[in-house]
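Two complexes, one shared chain (chain A), two partners (chain B, chain C).
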Partner chain A sequence: MTTVPVPAPSRTSVARGRARMRLRRGLMAWAFLVPLLVLNVLVVLGPSIATVYYSFTDWSGIGPANFIGLDNYVNAVKDPAVRDALLHNAIWFVLFLSVPMALGLLGAYLLSQVKRFAMVFRVLYFIPYVTASVVNAALWKMLLSPDSGIGHYLGTHHAWLGDTATSLYSVNFVVDWHWWGFLAVIFFAAMQSVDPQLYDAAKVDGANKWQQFKSVTLPGIRPTTIFIFLMTIIWSLKAFDYIYIMTHGGPAGSSEVISTLMYSQAFNNYSAGYAAALGMSMTVIIGIVLAVYSFLRKKGWEE
Partner chain B sequence: MTGSTIDRRHLLASVGLAGLGVAAAPLLAACGGSSSGTKGTGTGTVNLWIDITGDANQKYWDDSVVGAFEKANPKITMKTSYYKGSDLRTQVQTALQARSGPDIVRGPSATQTIAWSKANVLADLTPYSKQWNWNSKLSDWALKAFTFNGKLAALPMRVDTMMIYYNKTLFASKGWKQPTNRSELEALATEAAGMGITPFGSSNVDWAAAAEWLMTVFWNHFSGPDALYQALTGKIKFTDSVFVDAVALLKSYFDKGWFSGSVQKYFSVPSAEIGANFGKGTVAMIPQGEWYMSNVGQFFGAKAGNNNAWDWMPVPSLSSDVKYGTYALGIGGSFAINSASKNQDAAAAFLNWYYGDRTAALKRMADVPATYNIPINFKDSEIPSSADPRAARVLTELNKAVDSGNYGYVTWTWWPPKSDTFVYQGFEKVLTNAMTPAQYCQQLADLFKQESSSGNLPQMMPRKS
Partner chain C sequence: MTAVLTRDPVSTGKQHGTRRGPRRAYHFPSYLILVVLALFAVGPMVAMLFNAFKSNSQIGASPLAPPTSLSLHNFTTAWTEGGFATTMRNSVILVVGAVIGTTIVAGLAAFALSHLNVPGGGGFIAYLFLGSAMPVQLFVVPLFSLWTQLGLTDSLFGLMVIYWATEAPFATLLLRSFLLKVPRDFVEAARLDGASDLTIARRVILPMAWPGFLTVALIVGLAAWNEFFWAITFIHDPAKRPVSTSFLAFQDQYSTDWGLTSAAALFMLIPVVLLFIALQRRFVAGLTSGGLK
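And now, the complex of A and B:
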């Protein structure tokens, strides 16, 4: 019996097949990527490029824009309102980073000790976070009124939002109040993943509750803490809604941060080009923060 | 494993190029500013965004304005979208810049409309004005305020003035008379404060620009309309002592606790609370615009839990150089047509109906106090008898003021945009001692000079000799 030899595929046809496969896979990957890319290009990249362009112009927010070089950036450096706003951002950052984090950790630890009704507490902690900022802010505006708010009934009559010395701290208090419960629930979830045997071992070694928290809980939730830390930094730099609703950055700029100043410049002062320059400056600051975070992460800070 | 399907460098390069391409289109469009609208057929749907709040007010607009128009013009359908006042301007401006937005633009005041007009986002209304003879129907001064470079950019929406609302029952019970000059006003304020009654209620919590209402009062009734006219036409500067002293006088009233009890309370007590206290009689007077007339009633009477009544009086003369019965005049907002609208004729038809049907316009003024006070020419005798006497008195007093030349200038109509913003933002610094009245006026003068040299001023309502 004779057999007909099957011709071996030539090198060229194998290469063509592989190329077709690569092309097919490439097209498929693009098909998955395109919707999100288009969305991002439209709502992020496009306006971002426009913002870079406008930051070098005298654009009023409507109509044509004239190129003015670095004038907006030079003016921003000289502008005392920008300096004040940056200082307020720094104060905001320190408070927003420390108070809700500390309260969140404490709340999470207390939650982890509760054996009954834990879900009820979690829901209660979460309510301020899921309530719309407009509602929270409007509510607290009334609660902080010197004539009819909490202070009035406690006999202080202090105008928390109307006093330049307390306006920023008062708004920050409200934001911290809305935020800490969320952090508590996140930390609580992270604490659940800590190996219980570590606590048992610590107890055997004679560690008290604080030592257990410091030496077992905190290291165990380190990646979550670092992530929350980073996000809190970014969120603190973006602070806008509560300040805008509760004080508009006032009185007399005492609670103004960069984002509210940008809004005011763009829409009240018809200086959208200047506002764009302020926005770009904030982007650079946030970029530096992210770069530092990435650097530390590479160095194993999260481990 | 075969090689990666998309090379990372190529992916980034492609995304970058696509991004630039997509971004360039709106960017160039934004810079272009060319009109792409059409006159349309004079029929179809006309979109309008407006800042009318409250169910009753919106129902009135739907039924008595839009409904009445559609009945008279069955081929045109009006589609109204309601926005909150402080949000509307930014939303409209953003939409106009993107060559989008409503057909009829509920615009800002005269000076800000200049910026929109310069950007070519508003259609020229001059041909419509000629076609329907709007010049004979609307007040000349109000039309001129919205005419730039010979083009009518918008139609004035509401005549604004400042007045003093007072708790009539409280005044009667204390035997107080309406003050007509500064010494009477200060004596009244001193007496009220001594009794634990706040003389003046005011707050910037719900409207950040509230301070400009107060500056309008003090500059018009202390410095005087003549001085203001000279400053606004560049003959004198805002650093003149007559303006600085007005700021200092207002600040001194705040420092005495006459306004809202304290500076801090002015910054923190919501206006509804001030209104409630006004109704109860723990606040004696509220310096406010005529628009407040549509809200003030809610704080009085059985619904508010009191038996008190309100009324209003002219702002007392705060200087011997200013006549009692002077009214600061201006325009609160405007109606224009989007230059990108595809249905400009139908939009203009609505405007013509709104301003041209005098009987309907006067009825609206009578139905809703102060809200629909468009600057049309009419005689006092034409005001419908159904009008609240207090609202009717505003109309007759303003007619008289215009005829006699006894009028001044509100900041939000006659000041250029940045200067106007500084009027209220800077005054917060004066109140908190971060700036002296002299520094405040110096900064205002600098800003005003810069803006007026750019041609950002409306045609001023001239003084009558």
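And now, the complex of A and C:
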């Protein structure tokens, strides 16, 4: 190219033309993203930024808001209701991590062991996950009712959802019930990608089924397990639907979690500014979890 | 995140059975536990199915037993008392609107992010990931205030727009993974023939990636049908309620009439279960890929 004397000026014009072309292409490409962007700004990003602002005000949810500095956050730290709710979130996390994970791993492992009907079982396990929360909640309200459910056969008349000692655990049980099949399917898929030769090697070494599970299956699905573990922290913080439907956080706040507390502060107590501060705090915690996740991923735990 | 998100349980699931050398003919203990787990999963729903055909005195006497006769009384009463003709119509509007809107918005975005050179596209994808992990508590209150000012509360359209916005990020990421499988050569060939980006999207991408679109449509439709949080926050007029929140109100009203509420629940449950069983591979593939939700 450099040996050709003439095209020097035309070359720059070609380059400029190409740059313009690339700019035009780039703009055209972004044009395809405009509907998504507009919706996102209108529904998610704009209101989220507004929440950041409102969390420093005494906003009631309607009308003007006065700037009050960090008062909402200070009050949140001192609020015993917040402390109780966070404790319930923590209990929720421990249960929501262990029970569905154990059932999911058990189901997935057995599914990977059998030859026939695995797909049928998979479908059956998955059904509670695709049914509506309101339906599942109604179903278990019936089964957990003092006289018209399972208690009738067990001879107890315990109001599982109406007792402050059992309400949180009962709702959590229902959520675990609807969730574990989903985990079973995810773990099942992960187990399919474990190298079968590893099992053969383990068998040659005389490992029994439990040892194979412990030293071949579990390490083989580690990335999935870590992913589920970290997501469970986030899901536990977001827990809302079933609690709101089944107990409204009651009785006497015994099943209140941070998101139901935030919701009633915003829509029943007209303390939208305070609710915004609670929402912000949740978001910060979730942001930290995601940061830890991407840090672990970069460090290469996947392989 | 992508490692988990792109794993396809359906295609890998097929290989199972051929893997672990010679098998014993019987796996009785495994099957026993699998059956117990299956009963745990769907047994409660069977109990609900039974109770829908029973009177309250029959339920009181034996809550979990099969019905002795097939009385449809609960179904007819629940249908009229629960206003299901209206709420089903509302939900169908919401589902259809959510599916069409989300698929168009996400389809356009996914096309650009997979086959066009979007400057800063990687950052945008990261934003979509992060955005779908954020709690709704972050934006629900100002959004409610905004929607009130715009007159979009108590409106099916207003609720639909929220579904578009909240479902589109996940739908975009899922669709993008499908569109990436469409060979670039096809797109380049069409471009050399002078086709515009929009024509390429319609004539080349859409016909080749329709399974992806079907999967996304199913997931978004299911989400809109089952959706509860936005509906109860933004729709208070009983005539505008979708089935989910209207069923909840119905159940609160007839809280001890388990036969009636069981029948009402089945109206909401049966279409989903039938559709799920018919298209389970697609549902499972789509739902397990959205692990971030």
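Convention: the second predicted complex is superposed on the first by the 293 of 303 C-alpha atoms of A that agree within 3 Å, B and C clash if a C-alpha of one lies under 4 Å from a C-alpha of the other, contacts with A are read in each partner's own complex, and residues count from 1 in each chain.
The criterion applied here is as follows: contacts are C-beta pairs under 8 Å (C-beta built on N, C-alpha and C of every residue); 3 or more make two chains touch, one makes a residue touch a chain.
Model, not experiment: these values are computed from the prediction.
Visitor: Do chain B and chain C fit side by side on chain A after the overlay, or clash?
Guide: Clash: chain B and chain C overlap once superposed on chain A.
Visitor: For A:L42, decide between first (touching chain B), second (touching chain C), both and neither.
Guide: Touch status of A:L42: both partners.
Visitor: Examine A:L161 and indicate which partner it touches, taking first as chain B and second as chain C; both and neither are also allowed.
Guide: first
Visitor: Touching A:I234, do we find chain B (first), chain C (second), both, or neither?
Guide: second
Visitor: Is chain A touched at more residues by chain B or by chain C?
Guide: C
Visitor: For A:L144 in the superposed arrangement: first (chain B), second (chain C), both or neither?
Guide: Touch partner of A:L144: chain B, not chain C.
Visitor: With both complexes superposed on chain A, which partner does A:T283 reach: first (chain B), second (chain C), both or neither?
Guide: second
Visitor: Could you say whether A:T224 touches chain B, chain C, both of them, or neither, answering first, second, both or neither?
Guide: second
Visitor: Would you sort A:S55 into first (chain B), second (chain C), both or neither based on which partner it touches?
Guide: Neither partner.
Visitor: For A:N269, decide between first (touching chain B), second (touching chain C), both and neither.
Guide: A:N269 sits against chain B, while chain C stays out of touch.
Visitor: Once the structures are superposed on A, label A:G253 by its partner contacts, choosing first (chain B), second (chain C), both or neither.
Guide: first
Visitor: If both complexes are laid over each other on chain A, which piece of chain B (95-103, 149-157, 347-355 or 401-409) hits chain C?
Guide: 95-103
Visitor: Following superposition on chain A, which residues of chain A contact chain B and also contact chain C?
Guide: 22, 25-26, 28-30, 42, 45-48, 50, 61-62, 141-142, 145, 147-148, 267
Visitor: Write out the stretch or stretches of chain A touching chain C in their complex.
Guide: Chain A reaches chain C through residues 22, 25-26, 28-30, 32-33, 35-36, 39-40, 42-48, 50-51, 54, 61-62, 103, 106-107, 110-115, 117-119, 121-135, 138-143, 145, 147-150, 152-153, 177, 181-182, 185-186, 188-190, 192-193, 196, 199-200, 203, 223-224, 227-228, 231, 234, 237-238, 240-241, 245, 259, 262-263, 266-267, 272, 275-276, 278-280, 282-283, 286, 290, 293-294, 297, 302.
Visitor: How about chain B: which of its residues touch chain A in the complex?
Guide: Chain B residues touching chain A: 2-3, 5-6, 15, 18-20, 22-24, 26-27, 30-33, 89-90, 93, 96-97, 112, 115-116, 118-121, 204-205, 208, 261-270, 273, 277, 417-418, 421, 425, 428-429, 431-432, 434.
Visitor: Using the touch definition from the top, list the residues of chain A that touch chain B in their complex.
Guide: Residues in contact with chain B: 18, 21-22, 25-26, 28-30, 37-38, 41-42, 45-50, 53, 60-65, 141-142, 144-148, 158-164, 167, 248, 250-254, 264, 267-271.
Visitor: Show me the residue ranges of chain C that touch chain A in the complex, using the header's touch definition.
Guide: 1, 3-4, 7-9, 12-13, 15-17, 19-21, 23, 27, 30-31, 33-34, 37-38, 40-42, 44-45, 47-48, 51, 59-60, 62-64, 104-106, 108-109, 111-113, 116-119, 121, 124, 130-131, 133-146, 148, 161-162, 164-166, 168-169, 172, 197, 201, 222, 225-226, 228-229, 233, 244-245, 247-248, 251, 255-256, 258, 261-262, 265, 268-269, 272-273, 276-277, 280, 283-284, 287-288, 291-292
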